[in-house]
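The data blocks that follow each hold one structure.
Look for chain A in each of the two complexes below; its partner is chain B in the first and chain C in the second.
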Partner chain A sequence: MDLSVPPDITFVVLTTITLLAAILALQAKELIYGAISLGISFIGIAGFFVSLDAPYLGMLQIAVYVGAVVVLILFTIMLVRREEADKEEAGEGGEGAAGLWIAGLLAVSIAGVAALAGPNLPISPPATNLPISQLGPVLTGTYPVPLIILALLLSGALLGALVLAKIDR
Partner chain B sequence: MNLPTTPAELLPFIIAVVTSHTFITLVIFPGFIHLTVVVMFLTWYERKLLARIQLRIGPLYAGGPGGILQPIADGVKLIFKEVMIPYKADKPLFLGIPLALVFLGALPFAVIPFGQHWVIANLDVGLVFIFAVTSLFPSMILIFAWASNSKYPFLGGLRSLFQQVAYEIPMWISALSVVMLAGSLNLVQIVTAQQRIWFIVPAFLSFIVFFIATMAELERLPFDLPEAEPELVAGWYTESSGAVFMVIFLALYMKLYLMSSLITVLFLGGWWGPAFLPQPVWFILKALVVATFMIIPRGVYPRLRVDLLIKVGWTRLLIIALANVFITVALLSTGVLSAWGL
Partner chain C sequence: MSAALLGIGIYGLSVKRNAIRILFSVELIVNAANLNFIAFARYMNPPHVSGQVIVFYSIAAAAMEAAVGLALILVAFRLNSSIDVRKLNKLKG
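Moving on, here comes the complex of A and B:
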């Protein structure tokens, strides 16, 4: 994106929605509102995909994350009885501070990397609307290694989830 | 089109806006007005058809032939009824979700081609768009059921969620063979590819699976467990009344029309038909025929048991849908269909 032009209105609106919904998802007192705002935040991310000329990814983002993951979260929330959920007290506040520290560090490091490497980055090729039929060949032909790493990461996450779920049995 | 600067330019500007293609497709056809009229017609049509199946007369007195103005009378009645919000219900969600349901029901019509040029948004990923939007229904229904703060809606909402999530899988897998046949996810191109042969012929098994899964998605008999009257009063919308009920009702019939349109697009050749009728008329006629076949079981069949519902979904439909993917691949690779340009 050319930085000399004023910021894209779509980008600003999408960013605002996504970030506000994400904050609300963490801060909502009623868990179900948190889940709904998480869904809205996911839809905002799908909007980014669409505005980046990747409508297919955007649609799948909605279908998978909002259609399936949020349903799972909603379901979990509803299975927990309300009294139990209310009894759950917030932490002492130390976690929030730690989270802020980590977020700040991350932001500073990203900004640092961008500031150092930004001017030297190669100009990215113009976003072309990749036809969906080319998606498979590109993924498996041009980028096989990232795909395999992603697959390993996903199976690692799956195994981790299994281990976590098995702990108290 | 420039914005008007003087009052004298206002009238031509309005005329230019109203006669523009965007305005016509969005508001009149296939947009807002067309949807409202067809959905209202469908509510009357279902009542009349079921009545005739059960040797009753059905709506009769609300004006027009056969009481065809009944939906308007129903609407006026429901609007003026009291909206009762259950004790300790989640008010914003209880009132907001029905509106979201109508919005989600109407949104996919933006990509459905009612004719070669009668489509609001010719999206390249039209089918995935519909898939994405309809996958939001179950969560909305569950949230609404939860917000009612009552046990019958909640049980109905859970059943609805399980059923819709389970039947989404065979439904979209069976749509896959259509995508392979047409070589595109664009609904306009899918219909264009059916100029010489409707996909119901090469993908007949897909059509059957898609139709059955659609019935389950729509929670229509014999799959209406989420609103089983003897057990759950009216299922997930038990607590809705007055205008809230009307909006949910509209959303359900909107979804019925959406799914029959989708079947028309995927399997029945969309707008194609003999040239003596315009393309959109053919499309709507086909969609109404599909809707008829979705309504008739309600007057004929009993409800499925829960275990049978699960069994049909996972051990029959899914297997057939998966097998059909391979059949389609075989048909395409052996070139049997090349006579029809596929």
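Moving on, here comes the complex of A and C:
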């Protein structure tokens, strides 16, 4: 992305919300607040999807992530947490610095590649927009086999999760 | 933006000890990848929906991964009464 282009207000707001919520999700003292903050971050990403002409995926993102995954995480936290919430922040001194280094290096290198490729990248998206009606035919017409595999995988994962959670009861 | 999200995810993955927070990090990384797919599909000339299809699959796969991961966390907690990954060092329950 070329930085000389003035970024529009939607991008700035969504970026701020998403990144702050993501940082808060990992750094919040209480695990429950972290999960809620993760949900807010996912909503921000859904906003990105909508602003990138993918409203269907934005809805899917909200339904699946905010509706299902975050609620699942909240249930797990309720089942698991008795004494976990307080003592988890201890003892991440040296590794904290190392993790920051790794993550920072990665982000800087990706940004560097983007900056090198900057002149070749399109500044603004092509004017034609993607109709939502194209998604269905492509999904079932061009890629039918992954869809079937995905369905089988979903049911398999669901059964597996049930068996795992129900074992030695 | 996506790189920053990925960076936060990797940081969490490498630093945190709580298994649930590690799962948070994995979800953040997957979301960064999804965002890239959508953005590149939109900026392609002409734009194409293949990126959206891939993200469709990816969201479903990430939901499965979260379900199985949380079930694993539950089992680990039941066996070990802790979700600190550094205490999960027994191979034999």
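Criterion: the second predicted complex is superposed on the first by the 115 of 169 C-alpha atoms of A that agree within 3 Å, B and C clash if a C-alpha of one lies under 4 Å from a C-alpha of the other, contacts with A are read in each partner's own complex, and residues count from 1 in each chain.
As a convention for this text, a contact is a pair of C-beta atoms (placed from the backbone, for glycine too) under 8 Å apart; a residue touches a chain by one contact, two chains touch by 3 or more.
Please read all numbers here as calculations on a predicted model, not as lab measurements.
J.: Looking only at contacts as defined up top, I'd like to know whether chain B or chain C touches more of chain A.
T.: Per-residue touch count on chain A favours C.
J.: After the superposition on A, what does A:60 contact: first (chain B), second (chain C), both or neither?
T.: The answer is both, since A:60 touches chain B and chain C.
J.: Does chain B (first) or chain C (second) touch A:144, or do both, or does neither?
T.: It touches nothing on chain B or chain C.
J.: Should A:18 be classified as contacting the first partner (chain B), the second (chain C), both, or neither?
T.: Second partner only, chain C.
J.: So, A:68: does it touch chain B (first), chain C (second), both, or neither?
T.: In the superposition, A:68 touches chain B and chain C alike.
J.: Quick check for you: in the superposed arrangement, does A:78 touch first (chain B), second (chain C), both or neither?
T.: So A:78 only meets chain B here.
J.: Once the complexes are superposed, what residues of chain A are shared between the chain B interface and the chain C interface?
T.: In chain A, residues 56, 60, 68, 75, 129 are touched by chain B and also by chain C.
J.: Okay, in this complex, where on chain B does chain A touch?
T.: 90, 93, 123-125, 128-129, 131-133, 135-136, 138-139, 142-143, 146, 154, 161, 165, 183, 185
J.: Which chain A residues qualify as touching chain C in the complex?
T.: 11, 15, 18-19, 22-23, 25-26, 31, 34-35, 38, 41-42, 45, 48-49, 52-54, 56-57, 60-61, 64-65, 68-69, 72-73, 75-77, 79-80, 84, 88, 91-92, 95-96, 98-100, 102-104, 106-107, 110-111, 114, 121-122, 125-126, 128-130, 134-135, 138-139, 142-143, 146-147, 150, 153-154, 157-158, 160-162, 164-165, 167-168
J.: Okay, in this complex, where on chain C does chain A touch?
T.: Listed in rising order, the residues of chain C that touch chain A are 1, 3-12, 14-18, 20-21, 23-25, 27-28, 31, 34-35, 38-39, 41-50, 52-53, 55-57, 59-68, 70-75, 77-78, 82-84.
J.: Mind listing the chain A positions that touch chain B in their complex?
T.: Touching chain B from chain A are residues 32, 36, 39, 46, 55-56, 59-60, 62-63, 66-68, 70-71, 74-75, 78, 129, 131-133.
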